[in-house]
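Order of writing sets the chain letters: A, B, C and D. Residues in each chain are counted from 1.
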Amino acid sequence: MKQALKPAAAAELVPDGAVVMIGGFMGVGSPHRIIDALVARGARDLTVIANDTARPGHGIGKLVSAGAVKRLVTSHIGLNPETQAGMISGGIDVELVPQGTLVERIRAGGVGLGGVLTATGLGTEVEDGKQIVEVRGKRFLLEEPLHADVALICAQRADYLGNLEYSLTAHNFNPIMAMAADTVIAEAHVIVPLGVIPPDAVKTPGALVDHVLERAS
Amino acid sequence: MDAKHLIARRVARELEPGMLVNLGIGLPSLVATYVPAEMGIYFQAENGVIGLGARPPEGMEDPDLTDAGGGFVTAVPGAASIDSAMSFGLIRGGHLDVTVLGGLQVDMKGHLANWKVPGRMVPGMGGAMDLVSGARQVIVAMQHAARGSSKIVRECTLPLTAMRRVDVVVTELAVLHPREDGLHLSERAPGVSLDQILSATEADLIVPETLPEMALG
Amino acid sequence: MKQALKPAAAAELVPDGAVVMIGGFMGVGSPHRIIDALVARGARDLTVIANDTARPGHGIGKLVSAGAVKRLVTSHIGLNPETQAGMISGGIDVELVPQGTLVERIRAGGVGLGGVLTATGLGTEVEDGKQIVEVRGKRFLLEEPLHADVALICAQRADYLGNLEYSLTAHNFNPIMAMAADTVIAEAHVIVPLGVIPPDAVKTPGALVDHVLERAS
Amino acid sequence: MDAKHLIARRVARELEPGMLVNLGIGLPSLVATYVPAEMGIYFQAENGVIGLGARPPEGMEDPDLTDAGGGFVTAVPGAASIDSAMSFGLIRGGHLDVTVLGGLQVDMKGHLANWKVPGRMVPGMGGAMDLVSGARQVIVAMQHAARGSSKIVRECTLPLTAMRRVDVVVTELAVLHPREDGLHLSERAPGVSLDQILSATEADLIVPETLPEMALG
C-alpha cells in the first residue's frame, strides 16, 4: 500500500538539478498538479526528458516559463516559442531526438538494454557523433538509454498499490517512463480500492510506482 | 477549390481500402475529409490512437483524446489506444501503410526536408524522421512553392528528414514520383500547363510524352 | 473487417518450410485449434519460434510429436523429452535463447530495431560467436532480431477487426509475436462485435492481425 | 522438517516488506508458504503475473492462470497481468528485488550453474540467465550435495548461468555469502556442526570466529 503524497511533498522529491521524465503529449496526459507544485516550489536547473514542452503556460510549458529547465531532451518544441527562444539564446540546452527514438531510449533505460539500434536518423544531423553498428550488413545508429532520477507520470486511475490505468491518447510516454526512473510519482484522475482495476487492465504495475499523489480536492 | 484542398483530395486517391494511415498535422490532416468511411481506412495519430475520427460534438470533447496537433478528435468503433512505444513500433516496424507529411523541400533524389530551417525555425523533428524512415509508403503533400521559391529543388539545402526516397509528392500543380533516375512528373493539376509546372520548379523533371490531368474522384 | 478463417484454411497459410512464431507458455495461451489443424495437414520442416514446446501431445508439443519441426528457437524444452531427444539425435536443430532475450529479439523484429543489446548471456555459452558492443564502457551482447513468415497467436477476445484482448498469464508472447510476422493469424476464445472491446483494453490493434480464426464450434 | 522445507523457511527470512520477488519452480516455490501475507510481498511469475497467489479452490482453476511451472495458481487483489516483454523488462531493468533459484553448482567466485548438464540434461535456460543477470538480489536455494557430491564447488564445471556473483546461498546445512574474497560461511543449520559442513563442501570456505545457527523465524 502507498501513502497518498501531497503535491508539495512530491515537489520536494524532485531536487534542483534533478533529471526528470515527465509524461504527456502537448499537455495531454501530463501530471499537471505535480508540475504546478514544482513551479510553486521554485524548482531550478532541471533536466527534463519529455516528448514536448506543450505551450507557454500549459503543462511542461509552465516549467519552461518559470525558468526551471536547464536542459531538455525532447522531440518537438514547435508550439512553444519560449522553449525555442531559450534554445536559440542558449539559456536552455536542448537535445532534439526523433520521437520514436526518444521513447525507445527511455524504454531501453527502463528494461535494462544497452541501447537502441535504429535506422531513424541515419544520414541526417541526428547521426552526428554517434556509434554506427552493422547488423547483417545493414547500418543502424546506436542511441543510448535514458534514465531519470524521478519520473512524473499521469494516469486515469490508480489503486492503493499504484497499479495504473490510462485513457485514450493520454497513455503516450507515461507507461514507458514508469520503468525508467529511480523514483516514480504517479498522479491519477481517480484513486480506487484494490481489485477495482482488474489485472488485465493494469498497464503500469504498482511495483514500478513509488508514490501516488493524493486525490484531487 | 483552394490549393490545400486540391492537394488533400488528390492524396486521398492514393489510399486503398483497409490501409493504416498516418496524417501529419496541418495540410495532410485535410486528407481524411476526402476518404469515404466505407473504405475502411484506419487513421493512426502517433500520439496514441488507431481509429482517429472527426471532431467531436461541441461540449462532448474528451481532454484525453486529441490528435498529434493537440486538437480534439473522436475515435471510431474498433479504435485502439496505444502508448508511444507501440505507436512508433508500428511506424518503425513497417506496419504503417502510408504516411502523409508536409514538406519544406523535396529534391531530385526524392529526399525530404521538413523539420528545420537553421537559425530561423527549430521545431524539432517530432515523429517525422521515424515516419519517413519506417512507413511503407511516404506521400509528401505540400504547396509547390513558398515565398516565391520552388520547394521542388535540385538538392535539399535544408537538413534532411531521412535518407529514404519518398514515394509520391502531391502539390497544387502536379503529382511527382521520385525514382532511381530522377523526379518523374506524372500528372498536372486541372487547368495547369506543363510550362507552368516547369517554370515553377527548380529541379529537373522527367516528363512523359503525354501528361495526364489529376483525377480527383 | 476480417472474414472468419477456418482452421484448415489457417493451416494452408503455413506452408512446409515456413518460419512460424507460436504464442503460449507451456501451452497456456497457445492457439490450440490452429496447432491441431497444422498437425492434421501434415505440416513439415517448420522452423518454430516459441518460448517452449510444452509437453508431448500438448500445445506445441503436438507439432514436435508429429515430426513437423525441423528447427526450433526457444528458451526451454525441459518438460518435453521428445524435443530433448530430437535435439540430442540431431533430428531437430534447437537454438536455446534466454527467455528475456527471445522476447526482445521478437520485439526488435516487430518494431524495426536492428537488434538487442543485453548483458544477459555475457560470459556464458550464449555469448559464443556473437558481436559485443560497448556502450559507455559497458559490454553488451548484440542479439539479432527475429521475424517470421507467420505468427499464430491466441487471445481471450477478438472483435471483427482483429483487435485482441488477453487474459492473465495467457498474454505471454502473443502480443509481441503479433508485431513480428508477415502474416498474423489470431485464434480467440470469444469473438465480439466492434466496440465491445474498448480502445483502452485492446492490446493488439487489429491493424496487426491479418486473419481471425472462426469461432470455436 | 525435511531439507527442502528448511531451506525454504530460511530463504523466506531474507525477504523484506513490499519486495517484488520471483520464485523459481521446484524448491524455490516453497518459499511462498513461509511468507506471511501481511508482509505485502508481491510474487512475480515470469510467465506473466505480479501478485501470484496460492493454489485455487478445486474446480475453480483458470486454465489461463498458471505459474512458470504450469501449475494452477490464483492472483491476489491488486495483481497485474503482464506480457513476456514487460515481465523480462522488470527483471532485466532491475525492478525485481529478489530472485530465488535452484542450482546445480555454486563456486568460490559466487558463479551459479543451473541450466545444463552437457550430454545429459538440456532443458534450456528459460528465464534463469535474465533473472541472475538482472535481479537486484539473487538467492540460490538448493540442497548442499547431489548424488553424494558437493554442489558448492571450487569452480563450476557445468556451463554458467551468468557472470554475476550471486548474493546468498541457502542449503539444508548452511547459509553462504559469496563475496569478492571468497565464499563466506555465515550460518549453520540447527544441529549441524562446522565439521559436517566443511566435510560436505568441496569449496574452501571463509569461516567466522563464531558460527551462528540459522534463525528460522
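In this text, a contact is a pair of C-beta atoms (placed from the backbone, for glycine too) under 8 Å apart; a residue touches a chain by one contact, two chains touch by 3 or more.
The structure displayed is predicted, hence computed values, not measured ones.
Computing the C-alpha centre of each chain, which chain sits at the greatest distance from subunit A?
D
From the C-alpha centre of subunit A to that of subunit D, how far is it in Å?
Taking the average C-alpha coordinate of subunit A and of subunit D, the gap between them is 35 Å.
Once you find the CA centre of subunit A and the CA centre of subunit C, what distance in Å lies between them?
32
Starting from the mean Cα coordinates of subunit A and subunit B, work out the distance between those two points in Å.
From the centre of subunit A to the centre of subunit B is 29 Å.
For subunit D, write out the residues touching at least two other chains, lowest number first.
Within subunit D, the residues that touch at least two other chains are 49, 75, 81-82, 85, 88, 91-92, 134.
Which residue numbers or ranges of subunit A touch two or more of the other chains?
104, 107, 111-113, 118-119, 156, 166-168, 199-200
Mind listing each pair of touching chains for me?
Chain-chain contacts present: A-B, A-C, A-D, B-C, C-D.
Which positions of subunit C touch subunit A when the two form their complex?
Going by the criterion above, the answer is residues 104, 108, 111-119, 131, 133, 135-136, 138, 140, 142, 144-145, 156, 165-168, 199-201.
Quick one: in the complex, what on subunit D touches subunit A?
So the residues of subunit D touching subunit A come out as 20, 40, 42, 44, 49-51, 75, 77-82, 85-86, 88-95, 134.
Could you please specify the touching residues of subunit B with respect to subunit A in the complex?
45-49, 62-70, 75, 81-85, 88, 91-92, 116, 119, 122-130, 133-134, 159-163
Considering the complex alone, what residue numbers of subunit A touch subunit B?
Listed in rising order, the residues are 25-29, 51-52, 74-79, 84, 87-88, 96, 98-101, 103-104, 107, 118-126, 156, 166-176, 203.
If we count contacts the way the header does, which residues on subunit A are in touch with subunit D in the complex?
Contacts found on subunit A: 1, 107, 109-113, 159-161, 163, 179-180, 194-195, 199-200, 202, 205-208.
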